[in-house]
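Taking it in order: structure first as structure tokens, then the write-up.
Every chain is named by a letter (A, B, C and D) in the order it is written, and numbering of its residues begins at 1.
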Amino acid sequence: MSFLTRSPLSLDALLGEVSSPERGGTCAFLGTVRNGPEEHGVTAIEYSAYDEMADAELGRILSEVRERWPQARAGVRHRIGKIPAGEASIAIVVAAPHRAQAFEACRYVIEEIKRRVPVWKRELRLDGTAVWVDPSGQPTTSPPVPTPSPFSRLAEREGHV
Amino acid sequence: MSFLTRSPLSLDALLGEVSSPERGGTCAFLGTVRNGPEEHGVTAIEYSAYDEMADAELGRILSEVRERWPQARAGVRHRIGKIPAGEASIAIVVAAPHRAQAFEACRYVIEEIKRRVPVWKRELRLDGTAVWVDPSGQPTTSPPVPTPSPFSRLAEREGHV
Amino acid sequence: MQLSVASGTVRVQFFARYAEMVGCREAAIVVTLPATVGDVVRRVREELPGARGLPERPLTAVNLKHVKLDASVQDGDEVALLPPVAGG
Amino acid sequence: MQLSVASGTVRVQFFARYAEMVGCREAAIVVTLPATVGDVVRRVREELPGARGLPERPLTAVNLKHVKLDASVQDGDEVALLPPVAGG
């Protein structure tokens, strides 16, 4: 099983992976492609990954959750490829016997993902340009590249743009 | 519209109420009826409420979220009536431009609900007994009442047990 | 000479364990005005069978809002006696 | 008299902006062993056209794990040069 997918994410499917009657508190996080006042007309973000390592790193993060919160169970999916504004790129669900653990562990997972998982994004703008996003959330200063990115490895394999 | 319902809860429906392209981080919380090692065979919990006040209090909590996190939007549903172990009694969704706000506001909503919203629960046990639950999560010391509770007001109106 | 004394009637609601103890869910209580929620609670505990078991200082609400026992009540108010809440 | 020098070949992978700069996604790099990831990065920057623009101390991974530049590499390792990650 891979934690990466090219399909739209569903919290309900992830909930099924982690919920059980002993775990009464479930915290979920969805990260969606933003197009707000700070974003200057982002129509979509193209996510690419070092697939094998991203998958391994996500698995390691889930193992850490089990070590730190032994009674909690976490599930995660990272969507890659071209994701339209408003749709989710990351879904995390953590179920635990009590809510404090669920909130803490869910926050841990998203913070570790931001810090460690080798995924990159390129904003696709209304004006047709594309800009690599740096981890602070700001576009990089490198010149916009108006051509589609060839660097999503899954995209190539599966024949997507 | 009421924040109380007798139907199973759906995160997806709540997500639709709060998500928008400007809000890139969404945190959700689901509280489910627990039947773990601490619960001694709980088959269901019967939730009753002071309906009108619970509804008003939930509305006030959502207004407070707007005051404290002006860019965030929160949605909530509390299920009442008899809820089988494993099913959700409370669903909260908060969408915000950034994830820290979403986590903080979602946690705020559940903590305020636990503190303020006039809802009570009676555990229904495998052995046929029923026990009022006190807010610490422990059953009260009053003697178990083996008959169905007559105190769910919505139940009466809608003809449910 | 006659003293004119104002009185008011409040609807008192009971929930969950308290409703079981009192044996009913609602009662009309007459109080001399001005009166506080604490006065209403005292009258309830004196007048209603089963209400002796209620705490002297329960959680209370007036017209759908949490209040302290020194909050004043008016004729027609809805006063609620709330067991410790356990929502969520 | 002949000095026997061990050498190894590592597969170096480039991603996102780095792949654009270097103009390819993967290269085979030969290094004299023992060698570190830092040695590999130096060879990449010297040998590959476009690789001069890479940082001298990029994020790196060996065999799917984050490592520091002083980590050692073996023949056959997969070394990755990672732009600052932006997942989630």
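The rule is simple: a residue touches a chain if its C-beta (ideal position, glycine included) is under 8 Å from a C-beta of that chain, and two chains touch if they have at least 3 such contacts.
Everything quoted here is computed from the prediction, not taken from an experiment.
A.B. asks: Find out how few touching-chain steps suffice to connect subunit A with subunit C.
C.D. replies: Tracing touching chains, the least step count from subunit A to subunit C comes to 2.
A.B. asks: Would you pick out the chains that touch subunit B and also touch subunit C?
C.D. replies: Looking at subunit C and subunit B together, no chain touches each of them.
A.B. asks: Provide the C-alpha centroid distance between subunit C and subunit D, rounded to the nearest whole angstrom.
C.D. replies: 76
A.B. asks: Please compute the C-alpha centroid of subunit A, do the same for subunit D, then give the distance between them in whole Å.
C.D. replies: Centre separation, subunit A to subunit D: 26 Å.
A.B. asks: Per the centroid of Cα atoms for each chain, what is the distance between subunit B and subunit D, given in Å?
C.D. replies: Spacing between the chain centres: roughly 53 Å.
A.B. asks: Which subunit B residues sit where two or more other chains touch them?
C.D. replies: Within subunit B, residues 31, 110 contact more than one other chain.
A.B. asks: Give the residues of subunit C that touch two or more other chains, as numbers and ranges in rising order.
C.D. replies: Answer for subunit C, listing residues that touch two or more other chains: there are none.
A.B. asks: Treating touching as the only link between chains, describe the layout with one word: line, ring, star, complete or other.
C.D. replies: Here the contact pattern is a line, an open path with two ends.
A.B. asks: Go through the chains and record each pair that touches.
C.D. replies: Pairs flagged as touching, ordered by label: A-B, A-D, B-C.
A.B. asks: Mind listing the subunit B positions that touch subunit C in their complex?
C.D. replies: 31, 47-50, 52-54, 56-57, 78, 89-90, 110, 113-122, 132-135, 140, 142, 145, 151, 153
A.B. asks: Tell me, which parts of subunit C touch subunit B in their complex?
C.D. replies: Touching subunit B: residues 13, 15-17, 19-20, 25, 61, 64-66, 80, 82-88 of subunit C.
A.B. asks: Going by the contact rule at the top, pick out the subunit B residues touching subunit A in the complex.
C.D. replies: Against subunit A, subunit B makes touches at 11-12, 15, 19-38, 85-86, 97, 99, 102-103, 106-107, 110.
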